[in-house]
Amino acid sequence: MLRVSLEHRFAGVSLTMAFEAPTPGVIALFGPSGAGKTSLMNAMAGLLRPHRFRMELDGVPLERRRPEYRGVGYVFQDGRLFPHMSVRDNLRYGLRRGGAGPVKFDDAVALLGIGALLGRRPRHLSGGERQRVAIGRALLSNPRLLLMDEPLSALDQARRDEILPYLARLRSVLSIPIVYASHSLDEVTRLADTLVLIEAGRVVAAGPLTEMTARVDLPLALREDAGGVLRGVVNSHLPERGLTAISCGADFVWVPQITAPPGTGVRLRVPAREVILAVESPRGISVTNILQAHVVAVAEDAAGHAALVSLELGGGALLARVTRDAAERLRLAPGRPVLALIKAMSVDWHQED
Amino acid sequence: MLRVSLEHRFAGVSLTMAFEAPTPGVIALFGPSGAGKTSLMNAMAGLLRPHRFRMELDGVPLERRRPEYRGVGYVFQDGRLFPHMSVRDNLRYGLRRGGAGPVKFDDAVALLGIGALLGRRPRHLSGGERQRVAIGRALLSNPRLLLMDEPLSALDQARRDEILPYLARLRSVLSIPIVYASHSLDEVTRLADTLVLIEAGRVVAAGPLTEMTARVDLPLALREDAGGVLRGVVNSHLPERGLTAISCGADFVWVPQITAPPGTGVRLRVPAREVILAVESPRGISVTNILQAHVVAVAEDAAGHAALVSLELGGGALLARVTRDAAERLRLAPGRPVLALIKAMSVDWHQED
Amino acid sequence: MGFYRTVTWPWPLSGDEQEAVYLSLRVAARAVGFGLPLAMIVALLLARGRFPGRFLLNALVHLPLMLPPVVTGWLLLLVFGVEGPVGAWLAARFGVHLAFTESGAALACGVMIFPLMVRAIRLSVEAVDPRLEQAARTLGAHWVDRFLTITLPLAGPGVLAAVVMGYTASLGEFGAVITFAANIPGQTQTLPLAIFSALETQGGEAVAGRLALVSVFLAVGGLVLAEFLSPRRLK
Amino acid sequence: MGFYRTVTWPWPLSGDEQEAVYLSLRVAARAVGFGLPLAMIVALLLARGRFPGRFLLNALVHLPLMLPPVVTGWLLLLVFGVEGPVGAWLAARFGVHLAFTESGAALACGVMIFPLMVRAIRLSVEAVDPRLEQAARTLGAHWVDRFLTITLPLAGPGVLAAVVMGYTASLGEFGAVITFAANIPGQTQTLPLAIFSALETQGGEAVAGRLALVSVFLAVGGLVLAEFLSPRRLK
Amino acid sequence: ADTITVFAAASLTNAMQDIATLWMAGGHPKVVFSFESSGTLAQQIAHGAPANVFVSADEKWMDDLAKRHALLAASRSDLVGNSLVVVEPKQGLKPVKLGAGSNLLAVLGPDGRLAVGDPAHVPAGIYARQALQKMGLWEVASARLAPADSVRAALRLVELGEAPAGIVYGTDVKVTPSLGIAGIFPPDTHDPIRYPVAVLKAHNTAAARDFVAFLHTQPAQDVFLHWGFTAP
């Protein structure tokens, strides 16, 4: 369990935040620019000394330890590579001081794709290359807790997609808890176990990811990219149709064929805007998943043109966004049974561990 | 017209890039980390002197002018605010030197939401706040060409959504051409007129955005977030149903009601994965747009599980991604007429000017 | 050992001593005041410039540091004396005489502290991130503008250090001053010269100690001021 | 004017002159060598430390700059002379005599150049981005480690400047050395002292000029070396 | 250990070096010198400087050491004497009448200064002050002085044209070809200029005593004469 609480005032800005989250696991700090994510992380690393601060990791209070003895790895928002050292020496810096850990130098280098850069100085790197080195440096210091402040915002999608699963693996294989600040909902839903929503120096809500994403009462649901998360297990592959069946509780969800063997735990993310609701089963249509569900709650967006529908399925909860017009046509209301039509292509899947 | 060509070698990395693009307009440099975007921009600003370099804007060769007389505004990837000046003085720095321009101090401040920060020093700002100030500073220097190197990657979605239309407006109202580096396809498709795809120091393809996005032969089409772009005009609003009809050539596309008055030009982006294809018209379904189209080309992704379908509609070209299974079930092939089912919620719209 | 008991509290100062104090302050102010702008320019040239003769300039600036002050004073006489090339010209053209005058003392101090000031400023200028200067370029700032608005303010600690070192060193400058400007009470007898005179006089240790204490007070006053003005506090 | 014609090419040097050159180099090397580590520590304390007495330390370090060198030499005599508290203890305990020895000349030089070295290093240390030190902290580096691996290497230009200034200033140090170590050929007569002797000798200006030229050559050699080693080139 | 360290007033530099050469040519132990102002040397000796012999440019500093019991009392003697002169550039040399009704100040012109050793402590300056006082010129002249930190520095000011005239020792003018003596102060206008010598008690060696004795021999005295010194 990680428990953190903080009170601090900057000239003009005051921060009062507290949360707790199970460990190991990824705790996402999600909030807009200026919400206080970096300040919270600085406090956790011991670099900011707030007026009040408590921090307890698995029963061990850490707030009094000095940063160098706290064992908290930190990927800074602003990189902070050592300009006078080669990439190799930057990476080794933590390696030598943190003691040998489960992360190996060569593995980290290979994974982050920085093998060709080892001899260079940081100022000869591109923005994204720099950030990858910073991630490697923090990983190799063998921390008991890893803080990552928007580590991927300088990276392209391909590189992100490559690194994200590795971060997920860190969580489960190394059982290093990770606190992850981001304003990308996509990253957060792919990675987080616990979601801490921060706004203007306050924690708006905190809880397990799957619950938080299906709630229509949080500002999350109003975002363009809102979506629900299901947990499931790979059931079987149908190579001839290029599909894989995932069982989520009572339901099967079809996705384009994946490589994970049957039995693997996966996380499925279904964007709310891509969920189609129907009351009759359509035919001759490219949609592959037609799931039975019933409506839990309906809410309107601020403009009143879109309806947010919280759905209960056999194996979890999802969110759908439809036009108000459609909601009226289909007479959506709590308790109404509906069919959730989900393109196989709409389902993002990620291996859990 | 902006014409740029460059040849340069760094130790171990060689760059050979050339493109031309109509002006005014937004030219997006799109490519992965380390592709050469920043190097190209540095050369355009005069800060890097490549071995060979040509740059011509509207017939005026610029490559020989010194940076301070080139009139090129630059939002740097790494911020570079002046640490010894307040936010206000940072913003005014370019304002005083660039001469009075169409962008007003108060407007820029209001738009970027930095009014409360004017008295602060940059090191008391959060990462996102810093980037907003950097954008303001470059805008206010009244440049003839604006370079923006991943200006929004440190910003949250809400702030991005707020700033993007303003950047689009800059393009059309002020007719300042903008070169915009990004690895977010979303930003690029919302903003760009011309798309320059860069990879490993080479220009892979360049051309008008709408053409580039509908091609199945570019690496673009393989991305999760691939999607087609349609240009249209607001036709009419249906307040009682909360919808707006957009006419794109011969077609109408329904979107959740928008505020732009009839006659406004808009850009619609339809993600490939959200396009459903059907051969029969479905009923009792939340999908609002059912558009007639025919298949232009079909390609498979690398794994062979998804089919990329290039569609021709009455008013433009779209891309659809369906499972291979569905493509087979529906017997999709060039020339086949299909129905493209598109949720109103799936259509992102952006005002053109 | 007995000496320690003989040093007395320096106040009140005698008339001559007061005069030496005021003179020292005036001389230090002029040395620093006139030297600083020049030191800035030279520091900038050395830090950022790439021109032939750069190394020569560097060596020339260091000259007063590497020669015994007496030699510096003597070279000043050779150059700025009435028969020296510059001195003759100054005398003929403007009727200005430097030797034996307060201005001469200030010149000697200025030359002696010049390398210290240049080094301090140069170090700070070299520490300024050139990427910030690049940013200023794209905003239309030409080089003078950039220097005044970006480089110089960011090199603030160096400029402050230059002023502090120049001022304190001026208060201690002896050999070059006495050689070039002689030791004329009220005109060129700065504190160090008065201290030296006292020290060389039989039984003058106590007076020398008193005056040295005054000198220390003045310098420490300058340090306090500098500490107070230091950019770290302003930030 | 006639003087310029009388200065002759300094080579070959006479035996005494050679000895003065070697002695000067040895003294400068010892002054810089022993002074530098101490200057680093003091510079770090002044730049980053917040402790009572910090200001006093700062003032103390500046003392040799603000006093006439002769007074510094005289204070050294009072402290390190055979009758001085430290000098007496050193003599009784270790049989070490500093006053009027080569070691004493090195001590006098070291004390004189100390404020210059501290200032240069301090300036560079203050210019090191503390966020990099923070990053090193989170990677487990305690303060000595951090200082040696981050702060010091990044303050490289300052350390180099300290060495250059210390070395060149040592080659020019006069008042404190002659007062504390006397002017004994082969033992404490460094180049500046030899130059002084020449100047005091009737008709010795030409010799003084020659020796000053030697001094300049030595210092310029140091500058060349420093320029060559400067971090800018290494980057 | 046989080496003799001699602390001697700076104005003796040339003569002493010549004598040392002479001395060592006779197979005697090596002599090394430290030339400085007498005051500095005396203070260094008081602080334990390893000098065997001290030659001062005036009596006072020798008295000072005597009071501190630093001298081998019996060894103290007067070595040589010197004269005090007014020096001017040879070209356009204007002779100066020294004594009552002196035209010394007229030589300086309207704003020229008279270069002297610092009357506060430089022996030559102290003698100059005595002489000027005796001639009744001190009141006026004291405002027209250019006091230098040594008599050589004063001489150099005249040589470089900064001062039209100066008061220095006769020995100083001898070897400076561009300068000439414009007048010699009558011996009664100032204390006798004498250079006392003594062996120092703390470093009293036979060689040192021999060397002092040698200084009084005719060959040594001839060298002093050659450099312009007078008999004590």
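Should a chain be cited, it is by its letter among A, B, C, D and E, assigned in written order, with residues numbered from 1 in that chain.
The definition used in the following text is that a contact is a pair of C-beta atoms (placed from the backbone, for glycine too) under 8 Å apart; a residue touches a chain by one contact, two chains touch by 3 or more.
Since the structure is predicted, the reported quantities are computational estimates derived from the model, not experimental observations.
Undergrad: Among the remaining chains, which ones contact both chain A and chain D?
TA: Under the touch definition, chain A and chain D have no mutual neighbours whatsoever.
Undergrad: Could you state the distance in Å from the CA-based centre of chain B to that of chain E?
TA: Their C-alpha centroids are separated by 91 Å.
Undergrad: Chain A to chain C: how many Å between their CA centres?
TA: For chain A versus chain C, the centre distance works out to 61 Å.
Undergrad: Can you compute the centre-to-centre distance for chain C and chain D, using the mean CA position of each chain? Integer Å is fine.
TA: Each chain's C-alpha centroid was found; their separation is 19 Å.
Undergrad: Any chance you could list the residues of chain B touching two or more other chains?
TA: In chain B, the residues touching two or more other chains are 78.
Undergrad: Considering chain C alone, which of its residues make contact with at least two other chains?
TA: As it turns out, chain C has residues touching two or more other chains at 74, 78, 83, 196, 199.
Undergrad: Hey, what residues on chain E touch two or more of the other chains?
TA: In chain E, 40 touch at least two other chains.
Undergrad: If I apply the definition of touch given earlier, which pairs of chains qualify?
TA: A-B, A-D, B-C, C-D, C-E, D-E
Undergrad: Which residues, counting only chain E, touch chain C once they are in their complex?
TA: Checking each residue of chain E against chain C gives 37, 39-40, 60-61, 64, 113, 115, 118, 120-122, 145-149, 153, 156-157, 160-162.
Undergrad: Can you tell me which positions in chain D touch chain E when the two form their complex?
TA: 2, 70, 74, 77, 81-83, 99-100, 178-179, 182-187, 189, 197, 199-204
Undergrad: Under the touch definition given earlier, write down the residues of chain C that touch chain B in their complex.
TA: 131-132, 134-142, 145, 149-150, 153-154, 156, 235
Undergrad: In the complex formed with chain C, which residues of chain B make contact?
TA: Residues 45-47, 66-74, 76, 78, 80, 82-84, 93-94, 97-98, 121, 137-138, 141.
Undergrad: Chain D touches which residues of chain C in the complex?
TA: That would be residues 1, 3, 55, 58-59, 62-71, 74, 78, 83, 115-116, 119-120, 122-124, 126-127, 157-158, 161, 164-165, 168-169, 171-175, 192-193, 195-196, 199, 208, 212, 215-216, 218-220, 223-224, 227, 232 of chain C.
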